[in-house]
Amino acid sequence: MLKNYRFLTSGESHGKCLTGIIEGVPAGFNINTEEINNELQKRQQGYGRGKRMQIEFDTVEIKSGVRFGKTTAAPICLEIQNKDHENWKEILSIHSRDKNDQKSFTAPRPGHADFAGKMKYNFEDLRDVLERASARKTAMNVAIGSVAKQILKEFKITSEVEILSVLGQKDYEHEIEKVREMGDSLGGKFKIIYKNVPIGLGSYVQWDRKLDGIIAQAVMSVPAVKSVEIGLGCEYEKHLGSQVHDELYFDGQYHHKTNNAGGIEGGMSNGEDIVISATMKPIPTIKKSLNTVDLKDNSQCEAHFERSDICAVEACAVIADNMIACVILDEFLDKFGKDNIDEIKKNYEQKA
Amino acid sequence: MLKNYRFLTSGESHGKCLTGIIEGVPAGFNINTEEINNELQKRQQGYGRGKRMQIEFDTVEIKSGVRFGKTTAAPICLEIQNKDHENWKEILSIHSRDKNDQKSFTAPRPGHADFAGKMKYNFEDLRDVLERASARKTAMNVAIGSVAKQILKEFKITSEVEILSVLGQKDYEHEIEKVREMGDSLGGKFKIIYKNVPIGLGSYVQWDRKLDGIIAQAVMSVPAVKSVEIGLGCEYEKHLGSQVHDELYFDGQYHHKTNNAGGIEGGMSNGEDIVISATMKPIPTIKKSLNTVDLKDNSQCEAHFERSDICAVEACAVIADNMIACVILDEFLDKFGKDNIDEIKKNYEQKA
Amino acid sequence: MLKNYRFLTSGESHGKCLTGIIEGVPAGFNINTEEINNELQKRQQGYGRGKRMQIEFDTVEIKSGVRFGKTTAAPICLEIQNKDHENWKEILSIHSRDKNDQKSFTAPRPGHADFAGKMKYNFEDLRDVLERASARKTAMNVAIGSVAKQILKEFKITSEVEILSVLGQKDYEHEIEKVREMGDSLGGKFKIIYKNVPIGLGSYVQWDRKLDGIIAQAVMSVPAVKSVEIGLGCEYEKHLGSQVHDELYFDGQYHHKTNNAGGIEGGMSNGEDIVISATMKPIPTIKKSLNTVDLKDNSQCEAHFERSDICAVEACAVIADNMIACVILDEFLDKFGKDNIDEIKKNYEQKA
Amino acid sequence: MLKNYRFLTSGESHGKCLTGIIEGVPAGFNINTEEINNELQKRQQGYGRGKRMQIEFDTVEIKSGVRFGKTTAAPICLEIQNKDHENWKEILSIHSRDKNDQKSFTAPRPGHADFAGKMKYNFEDLRDVLERASARKTAMNVAIGSVAKQILKEFKITSEVEILSVLGQKDYEHEIEKVREMGDSLGGKFKIIYKNVPIGLGSYVQWDRKLDGIIAQAVMSVPAVKSVEIGLGCEYEKHLGSQVHDELYFDGQYHHKTNNAGGIEGGMSNGEDIVISATMKPIPTIKKSLNTVDLKDNSQCEAHFERSDICAVEACAVIADNMIACVILDEFLDKFGKDNIDEIKKNYEQKA
């Protein structure tokens, strides 16, 4: 839970809707619903997505916390309908019913939450895991992050997303087509850059206040992400100190000659671009059969396949970008106050 | 702040002492002070450390929370003396005094917290940043983590640390000697493995409950760490899904054929070893001069050099190992209760 | 934010709906929607309520986190429609519009959040305060508490609510009628008793872990509550120690001869009934005019009156009861685990 | 745990020392150690205290976080020696030793944490409860609160403490002497007033952000406190709405005609004095024997008596005052920023 920009999400992959509540949004800010929808669409696009993405264009409904287009400091409630819920009404009914008509799903799919989730929560039907464990829920994180991004933009803090590599290729569309034919899947590596972040967000004084640590949590929590790097990241170990530390100079303002640190030194933003990269593992739902165990009798079997994406690295990057926005806004509010946008602006400008 | 195993640390690099308070330690556990001291010594050793490490063998004093060798559930207070504080008594006096005798340090060293810290906290003397930003403080995190490790060990949860590479070399002592002569510094990459972690720590239900996310924060918060990977990490993007997802089989117990996921799927431990790797950037204090700006007049100058380590990757790995112990214990207490060690054992055994 | 049973609510008094998300509900528990609705109805009843209460019978919709009647550990989303939202669609539109048609409300009503809320959040129209500050939002807290109460009931932990006094009278219906004619309003004092709470919830080890402290926050946060007492409460200062401390005896089980402490000693439940009482201030919306200042020109004026309750002490008690349920469940999960209801039961029974 | 002004304490009643770590103190503030000591002395004084208070004048040592008299934003470590620890070195040794020489204390004293603490933590010797449960630990809370009070004072926010009643008497010294002779004990009721608190601390937007709720937790968590009231508190139920709601007027500034609400409306400070009152139960350690059960054989017996205070209401009020200071500072930092005192002052002044 972030300190200021606090939020919880709910909703299943094929349930009625996804819901999010954000608490701690300053009053008096003009929210643009279209921008949230644009961000949601970005999550749904990208080369390598499956059919579901084409039929279901997510749109958000703001259910509270905004009046006449402006935030009121009251918690903002966001809702995104699941358009294909109609077909799942029976399977995901909230109402109690005769157990006999359930067709349980009992063979955990490798690479998914199925196995550990079942062991933790003691379910008979793995659907009780996968409906919430599904990356579908991240649509709401994107909506919540999009509100954060809009507020950051008011202070000229913006972000860029770049796909670095898929199967080792920068230009990866061809790879995806090849892999699609093979019935297999792909991951990828991406980079996110935050510009104009003020100096001094985060702190070195206690481990849990370090900006890089909080960002790392936010990015690693995105489904399928398995690495997080700041600046040079893993490359740092291949260089001497004299080659990689960012020297300081002054030309009316302070600048660093290079930005290997990715904008964070001592757990604080240092005025340079904040640069984060992350790796997504391949989509674990694949046509090519993977072996597993049917938990109802411990027999060996093949994992179930539901139509899926081939590669979702672009979506993953959008989700990570929006999670980072939440973190940066949270620290921004810590430094500049949090009650209303005018007060925050005055505090910010006086500092600048 | 973790939920159950809550702690705060204090102390400066050359101050009187480092202090830590841990709240949430179950009652009735036999603490071994020698094991804490061993862990502290591990942090101080390793090829490439500077002279300070040789003179100062840290030892911990337990000041509260333990009676007759056993935890009492009362907060545990740990203290580590700074042995060379004697020489710094004047420079770090807590008492108010005439400003004139201060010799301020005003040129931020590249790669350090100096610049951002000064801008954030509005100091004249950068020493006010560096004394707390120094990695010296991590000795206390190691002591706190060592208590966590001892409790985990009671449940057969243990860890291993391995240095993977320094300047691209697995066998790196030669590199360090070369670089020492050059007056330069090095980082490195390391791996930490946690064994016997029960299935189902962490959760997919909300972003901030994912075990991999919390571990990523803990590791990235270790000074100088710039990347965190789980399992295959960055390598994942070079493989097809069918090659990397860990198949399940049953031979009386459940096992995965491989452990590319590094023991975490869907944000939960899945019963396999938890495998984390991380990269440390080169020590930023180097003999070879780096350029910077003197903030008192914005003139260009060379960064100050204090005697330092050449390479501290082994220490960094020890710190990360201990931070991860805190996270895993925290989640363990979440699942199995937290009041006293007998009750926790019963809950644990009944589940096993 | 509670540690385990985490929730956020959203929604305005006359907005589209109230929403709540609960995170941390154990899996495998049978939720009874009718019981939630019964609890909501209890909040709406009681002698002295206004007309709104008669037309609007709240019912909850569970939108996620439950399948086939059972919790799935996924966050539970609850929604309560505001039935008279139709009449407020224009006034509370979330869409940006021409300022001119707004009729602003600018004279803060004494006893309400209006004045401080305006100063904090910088609103022109006090409606932006009152819509969220309204006690209407507590319907969602009741729904959330009702889920907690159902889980507690599974462990035989139940509560009772009693109105102690209104205008000094235990039998207060006559008072209410008299005051209604006078165009005035009333508060009241009530008591809540929790039975069968296991020994040892809460702790003395750190200030923020004391059960009485957490309960006090939960009850004082109920709108209009101005006092919270545990057991004898304020009466304690009128007695000698020898008269009021609860002696212990053993008859196969441990009991206290009296329960002046209200079931909490040293910040922990001690096995006796937990007894909390609280005072509600009179409804601040009254027909009889109160003086105030119109903030648009600082002229003196009379406070606006909207149809309101005369006395809502019974509703207030229901809300407090449900907030206490959340706290007790939170501590219960801390002690007995939180993943699924079977595991919690085993841990609980083994302890009993 | 507060959000910004985060602290943990440790230490036993007769252990070596009490320790506190505060994280989140703004940089650049001049700390006055003497003022902390004065506050500690206030806690030790008051009519009705026992002999221990006369021999042991607490003084604090600042061990980190301050340089040349000024805070550095680094965590502040405070230590208070327990002067009579010398006599308890054996009984409270942290070192493991032969069980036989322990003389266990096994009969829980009524009114203390002994019974519930033993059941929760599974101790053989009740001393393992009482050493931490003792109110001795609050000396550290006072020291921590005193730092908060000093910072608040920089913004002209000050407090006053008043004893309202002991055994129903405003003038209570005579009562105490009488009760001392009887070998009995007393509680009492007190009031704390905070002046010049800016408008708009706390919020109505979510239950856990209400200032009155957070204050109630802080005060109820003070050992032996059993009631907390804001403003008129319990008296509210004896009045009509028209008699008690605080009307607003303007004479260049906004004022309320009365302050029955005790300075908090809608969970926010409203610019008037914040007025809190609380009741302390009688000291539970009394000469006059109370009955209890010896837990080692469940036989009936008399509770053990250790020399104690007759009445500690003045000390209790000092502790509560300091806890409230922590809460108010925490919310103050939320609104005006938290990095350094100059920045906070600018933000504060611009708002004023």
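Read from first to last, the chains carry the letters A, B, C and D; within each, the first residue is number 1.
Just so it is clear, a contact is a pair of C-beta atoms (placed from the backbone, for glycine too) under 8 Å apart; a residue touches a chain by one contact, two chains touch by 3 or more.
Because the structure is predicted, anything quoted here is derived from the model rather than measured.
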{"item": "A-B compared against A-D, more contacting pairs", "value": "A-B"}
{"item": "Reference subunit B; chain at largest CA-centroid distance", "value": "C"}
{"item": "Subunit A and subunit D: spacing of chain centres that average the CA atoms, whole Å", "value": "42"}
{"item": "Separation of subunit A from subunit C, taking each centre as the mean of its C-alpha atoms, in whole Å", "value": "34"}
{"item": "Intercentroid distance (Cα basis), subunit B paired with subunit A, Å", "value": "26"}
{"item": "Residues of subunit C touching at least two other chains", "value": "1, 8-9, 23, 73-75, 120-121, 132, 200, 203, 205-206, 339, 343"}
{"item": "Touching residues on subunit B, where the partner in the complex is subunit A", "value": "1, 8-9, 108, 110-117, 119-121, 129, 132-133, 141, 165-168, 179, 182, 184-189, 199-200, 203-208, 210, 212-223, 225-242, 244-250, 254, 256-257, 261-262, 265-271, 279-284, 286, 288, 290-293, 298, 300, 313, 323"}
{"item": "Subunit C-touching residues of subunit A, taken from the complex the two chains share", "value": "1, 6-12, 15-21, 23, 27-28, 30, 62-70, 72-77, 92-97, 99, 102, 120-123, 127-128, 131-132, 339-340, 342-343"}
{"item": "Touch list for subunit C against partner subunit B, complex", "value": "3-4, 23, 73-75, 200, 203, 205-206, 209, 334-339, 343, 346-347, 350-351"}
